[in-house]
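Following this message is one structure expressed as structure tokens.
Chain nomenclature is as follows: A, B and C, assigned in order of appearance, with residue numbering initiated at 1 for each chain independently.
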Amino acid sequence: MNQQLRRAAYRTGMFFVSIALVAVLWELYKIVGPEKGGKLFGIAILPRSNDTAMPHIWEMLSRYAEPEMRSPNSKLIWFVVLKGAFYSFRLAFVGFVIGSTIGVALAALMTRFKTIERGLLPYLVISQTVPLIALAPLVVSWGGKLEIFGFTWPRWLSASVLGAFLAFFPIAVGTLRGLKSAPAASLELMDSYAASWKQTLFKLRFPAAIPYMVPAFKLGASGAVIGVVVAEISTGLKGGIGRLIIEYARQATGDPAKVFTAVFGAAGLGLAMAGLVALADVLLMRNRPKETTT
Amino acid sequence: MTFVNRLRNFGVPFVFGVAFLAFWEGAVKFFNLKPYFLAPPSKILSQFFDNASRIWDAASVSGMNALVGLIAGTVFGVAMSFILSRFRFLNSLITPLAIALNAVPIFVLVAVLNNMYSITSEIPRRIMVSLVVYFIVLVNVAKGLTQVKTTHLEIMRSYAASDIQILRKVRVPNAVPYLFTALKISAPAAVITSFVSEYFGGSQNGLGSRITSNIANSKNAAAWAYVLGACLLGLVFYLVSVVLENVASRGSGATNTSTK
Amino acid sequence: MSAVHVAGVSKIFNQGTPKQVDALVDVNLTVEPGEFVSLIGPSGCGKSTLLRLIANLLEPTTGEVTVNGKTAAQSRLDQDYGMAFQQAGLFDWRSVAKNIELPLELKGWDTEKRAARAKEMLELVKLPEFADLMPWQLSGGMQQRIAIARALAAHPPLLLMDEPFGALDEMTREYMQGELLRICAETKTTVVFVTHSIPEAVYLSNRVVVMSPRPGRITEVINVNLGENRSEDTRAADNFFAGITAVREALRGTHADHANAGAIRGVEDR
């Protein structure tokens, strides 16, 4: 356990070192790169290196301590970004929970009924190669207009639904693989105990599936975040980090460092979701034999 | 696989698909679903053919961005993976970064990239796609170059083979299936990223922008048709990568591997 | 009442198709309570199939299988037997004690009773300190002992074993054979034991059932009588070697039909 902690600390440390390296490269380019951008082999591929297009790293960091807008009542920007990121986090979390519940339930159903597996699995697999994200604007457009049983569809729900949609597919596929991974000998053993299908599901299949479900849930978590953020930026959903990014990007000529604060906020959002799943991973895989990984 | 098995494996999903479409079509009519919610498949299809040439144009723009990014990202990813396999210590720098970036919606960087280039340039989107593809390819190909069977290495060492020879004769062939696995993941990712990048402003010729503009004009069925176009684009990219994989692995008995 | 009664049983896979396999044809066998019976024969002779028919994991094509006076199906529902396979098959995510408790959980025993029984079984197989360890922390031999403890947890009158010691090294194997005999004597369990190894079959059994393939059938049943107290000395005794020779010749006898004189494939001679 101690060794695991040390490895994790080392990895985190190296992560910050690599981030620092990226920052150094950024500043280096600012020094040597063309102010107005330039061409490489005839393609206009070199970005502008002036302070408006590429603010200094320290400008980005110090921007957090400044107020969001020039008006006197404006809150400090780190607070605004944090609030936006938290709003999006809640949406992504709801989407993740919905997507994973349906995904796991469907996987169990497909394990029980081979016909359903045959009929649905190809679509589940293909859906991961197809840009379902294209549906984002459509789903968000339901907001404020759709009514079910007298309940008007709130716009934020579209973001969560999109997140759920993107999370659902990898989770369903991964869980199905995991449920089917139970060794034949163990299934025979449960048979010899005259165990019911439900008992076999909960006492054998699900525990055997956990090593497959964890990476699937990681994909699902990142899918939920992507779904929510895309929903926000494609339609400017109020309150979330996506909207902040779009707004601040528009103000970039006057306030170049501002958009970076929101971009880092979005990164933090993704890491927070991933962190939740990683936590669950640690808790669930406590007693398992350690796989050798690099 | 027996013929009956093949029939079942194809037939059942086919039936499910048809049933789903029939249900969709029927539900819209029966429940009188509003057009802004759901358009019936029949209408979507007719809109698709009506707008076919415009969809094609938009798809070409989005598709070109995806393609350029895919190629650039693959080239740089492979190059970097060779460097990684030579200088192993770099691994501990790159891997944590790659893992963290996996969890993060990095396409938001387009907002930043848009500022660094002229407003009509497609370069920011292409760079974004390249970045996404780069990391996927890098992680997978590096794995293929470094995770070689110990017995193979021992045999080569017993032949006093140089590092370059080991690279050419053992590591590279080992890495080829990993490259194609990376491509199968990157190709759809490239399309999705190219797509999503269009929501950040800039030139409005791609599929993403078309979808939003159609919705803004309350032409939802047309928007669905563009969505269909986007899905087909993604599918084409994926299928091409699968074909490439099959062509490359013919007769090599390669096994399936994957890392994201 | 016999512990196991197999009457006129045959098992045919893919009947009527070109892939038809006559796994077992017209098998008759009776096992008395407290007996230790081994099934031995080359690959394809149907010994594992026969074991699974007794366990009601397969249905016979013809004939009847009676276990403990009931149909095989009813016996399975009543949990009248425990089963052990070549792979110990312990659940990675459960502690050793919880693995033993599995059949009891399925039968709805309450927590205290289960824990007490698990403790009792651990003492029976002489591994009481390992209760809270995880299976992957144990050696292969220990895992098999836990698997046996699990198989006997509900105190079934019958134990079915499919080459349980096949994956172990020779020394551990001989030790496990001794332990198995001790445990079965203590619990007075009837055992049907499938093996590839002639010495193992002879050492453990009261009767050795010799089978042969194509089609799978019983060719001979050899009585072995090594006495009540077996030990290391037994392995050097004359009657032990006589038993081995008798079984070997019975196996060879079946192979002579297939023009494979001299070599017996699929059976160990060590």
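Things worth noting here:
The rule is short, and it goes like this: a contact is a pair of C-beta atoms (placed from the backbone, for glycine too) under 8 Å apart; a residue touches a chain by one contact, two chains touch by 3 or more.
Treat the numbers as computed from the prediction; the structure is a model and nothing was measured.
By the document's definition of touch, common neighbours of subunit B and subunit C comprise A.
Each chain's centre was taken as the mean of its CA atoms, and the one lying most distant from subunit B is C.
In this assembly, the C-alpha centroid of subunit A lies 52 Å from the C-alpha centroid of subunit C. Between subunit A and subunit B the centroid-to-centroid distance comes to 17 Å (mean Cα coordinates, whole Å). Within the complex, the subunit A residues that touch subunit C are 183, 185-186, 188-195, 199, 203-204, 207-208, 210, 287-289. Residue ranges of subunit C in contact with subunit A, taken from their complex: 55, 57, 76-77, 79, 81, 83, 85, 87, 89, 91-95, 102-103, 105-106, 134, 136. Within the complex formed with subunit B, the subunit A residues making contact are 10-12, 14-15, 17-19, 21, 37, 43-45, 47-48, 52-54, 115, 118-123, 126, 128-135, 137-138, 141-142, 145-146, 215, 218-219, 221-222, 225-226, 229-230, 233-235, 242, 245-246, 248-250, 252, 256, 259-260, 262-263, 266-267, 269-271, 273-274, 294. Against subunit A, the residues of subunit B that register as touching in their complex are 8-9, 12-13, 15-17, 34, 36-37, 92-97, 99-100, 102-109, 111-118, 121, 123, 143, 146-147, 184, 187-188, 191-192, 195-196, 199-201, 207-208, 211-212, 215, 220, 223-224, 226-227, 230-231, 233-235, 237-238, 260.
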